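The structure appears right after this line, and notes come after that.
In order of appearance the chains are A, B, C and D, and numbering begins at 1 in each one.
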């Protein structure tokens, strides 16, 4: 059994990590920290854990000290010193925040308005969207776990981009996210009567996940991909649906497009290419690590529309972080992640 | 007072017509019909009307006979004979269904798989999205009331298309509709546990509103506009949000774009061009006849993103039908339509 | 036209007052205040008002100064000085808060932990649940507008209590309230992912509306009524459903019970005694001033169950406040309150 | 590994059985039947199973033939012949329907309007709410799995009734159920726009679970218990909250009451007596087999209020059925049931 610790256990992603790791057969949670609730039981903050875990919430240093694997789910700008401590002691550090996702510090400065304080650390960090990056992380000690939007989008576009059939400046992505994506911090926009029975776009063409998405897509395509990305806040708890519009560079049949997807994901347990005539829906992946993808050619315009659904808290955060741990530690990649989605 | 009648009063659009017309100071409901519930009181079907209207539901012919204005909210293919009767007796017929929306019978045949049985009638019919078509309907006797998606989209694109700055084959529209848009007929997809906490696209690039949208947009642009249109089913009762993506044909500043909108809608009570930095949201127009539009240039890609929000049951159906009646009959255009949106 | 002002216009009840008063044919809003948003436009806080009211939010004194009728929607403990100013200048003051609801200062001290600072004022104040108290307020200058729970419960029990057939220590009330009832202040319990797909009781047998309910019920019964009252937070925006359980003191038939209700409310526009076999539902009264009541005898136990539904923001707050104004000023009681509920 | 089969796999309880049994380490699903969807893959009906189970849906006889344990989730009146076949072949039959819940055929006739066709079978059947009946089922071959409401209510009342401190004709139960409780059959009442943003009671004091609840409570109390039971339909997918009101027969302190509960459930993994000052909430038990109970004395009236929350699909149906199987077959009682509730 591996000793794992969670920093930021009382945010949504942190609490989801705890929930999933409790069921992981190879991992044992040895410490959890929370700045706000230090000294309390996790079940006082999230009563679903009543009688399941009575561990007291502690501080970050204690987590680092006790753990062989440290997961951190923190606002951006706070992960570096923890990563450094983990690195120095030889623990695996998996960051669910944004600090180790971008290769280029200039992007980080531009979108997050911060500098790297420990640049050397970032050279050691590996960004890992598991299905697309697993070969790079076998030896990794610091992992940048992808954002929720980038996960749904990169998996949705990978086969087409890889095949080189996408006009790379044509990609438009309209994403819809459940409210847990906004975190547990109180805001008017997430106050129940303000977001129930509502929908709007937000941070139109200016969301911080944009450079991360473009970085991953460009890497796949082997050339610069520029996107228009518009997220929307959806009145559901969990889930992201990304509707992706692309122009093709060549005439390619619906069957050929489908084959690109089924071939690309033939051996991927967690990516399901849906049968023709069906539509990816967040309910079909709820509480699971799956990414569902449906493919819709539009012969009238020569475009292809892809819809991609994940659970933002699982494949979009905690589940993928565990999947990354499994890869690095040599466990079965689906170890502890065999949840069947609860469709209702 | 004008005598008005409603055919199909027990569907959602029909019931909304009743609700709004009860408050209309110049109209008096004299008859309502329902095939399924004939002989019952409307309040037995929709208990909100308890004590408000005790009128028994009757048949179509009775409605036509008693009314000076007939509103019909029926599945496609059923409006022609009623329109004929109204026309012959000199009553104004306003069709909330699809039968009088398309100019070209070929489009109707292709998308609705039906022929016109009374083609002459269609020559007399006028499609009227009020803000864009009001000049054409002063003498009209048969009005094709627009669909909900086309209303939100056409109003959202009008100023840009009119100005000739849109690449007309670049228009991509991602719409999200509340469940009332699917009607009151029972289906698995609208069974509560199947659409609550869910979202998916449906009829991707193949929705029947597509030719109606292209017809209106092409008319505005003065050239053929081809769109990609993808609707989504949203877990809310009411509202449509359309997120519209366009490429521009020329370099035009954010201010100039905004001016196109504020100029175009300067005198339109029901179209609100939202302040910079805010986002159209279905909750802000709920139960009202407003269309809210927000404008979002994307300088990184040279695109503009427009989001447009309406209440699908009001501006997208019953409210606009009443607005059309007001125009034809010479009432104030907002007569009976001064509802302030209930934001919560 | 009467000049009216709203203090606390940016809370939910205050904003609902604005929404309803805009449509009131005899009232004109001359001033609105907000401590938090003073100096802003109301539409910056609630964008549904965009283009409808451009009035800047001001301070309390300005509201009092300009208005013939002042509505206040404030946390308890803040209304006295405003009431005093209104009283001294001869304006009608209608308090939607709790400060003028309880007859006995001891109750106020016990449940609200505050003393009266201006006790004389309270002697002049009249509590008015319109249907039950309208005769007392003709000359009133200070009105305590009832709480939402007390309104639904008192109307639900009035006919039975009045008839003297209720065992007065047997009354159990299980109420379910929409989230707007908790106000616009941010709390974890009203953060979307925490109250969506959830239900629990809260303040079990200890809610502050308890003494107000007992006061009204005792007054009706002519003897002390002691209740068990348990509120629940319901994942909807609007509405209160109260399910009320009573033991009867005598054998009385279902028909006789029904007759007590239909007689008591025969002339009450806003109270609808529902047909046998139907059930009060918050959706049927949404956005309206109605109170729907359904009656369910339980012959197996000798109990009667009453369910009573209101819109907490209208009949439970802003609507009833306007109804009270109408009564005092001699307008038709339903003036400005003829909204047909929007059932979907 | 035990071979298990599911009859009625495409209803909600059936599909939940499949979902849970897939993760059961000692059971292997060998057959699933559906009258409506026979010959299709389960994933065509519930796409969450895509790529997880490709088994074709078959008929009932095949399920019985292949299985050592047969779970049936059918409308009442259909279980007897299947139970007979299982019994004759020596398979364990666990009925999630109502046919083997009532001891007295007269109750079944009165509430379900049907006779027993195979009365001998009912003598062999054992009703088993696991925590209260596990000792009786060790040798059972036919198990009547409890209804969802009875489970939440019986667990909520057991300690008080067992202690003999409840006035047995005073019990009032106000339950709120998620929409999955109404099943997957299409009805207007479960059409999204009709039950979203809504709440009402239904089958007031006449729900079919009433005799089952009274049977269990009377058995615990050792005397006839008569209840008033009022269910409500709640706009959430899953969960039942029962708010239970009882009069006490003797003066007993809050601490003593709490001790009755903590003692009664000290060794029960799936029943959590919540800390003082907290409230049972369906979100805290979602997708788990827990029953959460909170205790609220009302000193003003001498009553006690208990709130009890379960997931209607798990502890109220499929989870408890598996728990019953575990008991009979000698597996650990929580085998396959260690799901941590997903609170958001």
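Simple rule for what comes next: a contact is a pair of C-beta atoms (placed from the backbone, for glycine too) under 8 Å apart; a residue touches a chain by one contact, two chains touch by 3 or more.
Keep in mind it's a predicted model, so treat the numbers as computed, not measured.
Q: For the chain pairs C-D and A-D, which is connected through the larger number of C-beta pairs in contact?
A: C-D is joined by more C-beta pairs in contact.
Q: Compare the CA centroid of chain C with every other chain's and tell me the farthest one.
A: Farthest chain from chain C, going by C-alpha centroids: A.
Q: List the centre-to-centre spacing of chain B and chain D in whole Å, with centres computed as mean CA coordinates.
A: Spacing between the chain centres: roughly 46 Å.
Q: Taking the mean of the C-alpha atoms as each chain's centre, how many Å separate chain A from chain D?
A: That gives a centre separation of 36 Å.
Q: Just how far, in Å, is the C-alpha centre of chain D from the one of chain C?
A: 38
Q: Among the residues of chain C, pick out those that touch two or more other chains and give their numbers.
A: 12, 180, 193, 197, 235-238, 281, 283, 286, 344
Q: Would you pull the chain C residues touching chain A in the complex into a rising list?
A: 12, 178-180, 184, 186-188, 190-193, 195-197, 235-237
Q: What part of chain A is in contact with chain D in the complex they form?
A: Result: residues 12, 15, 19, 22-23, 46-52, 180, 197, 237-238, 269, 272, 274-275, 278, 281, 283-288, 290, 292, 313, 338-344 of chain A touch chain D.
Q: Where on chain A is chain B touching in the complex?
A: Spelled out, the residues of chain A in touch with chain B are 169, 172, 174, 176, 193-194, 197-202, 204-205, 226-228, 230, 232, 234-239, 241, 243, 245, 279-283, 286, 294, 296-298, 300-301, 303, 305, 307, 309, 344.
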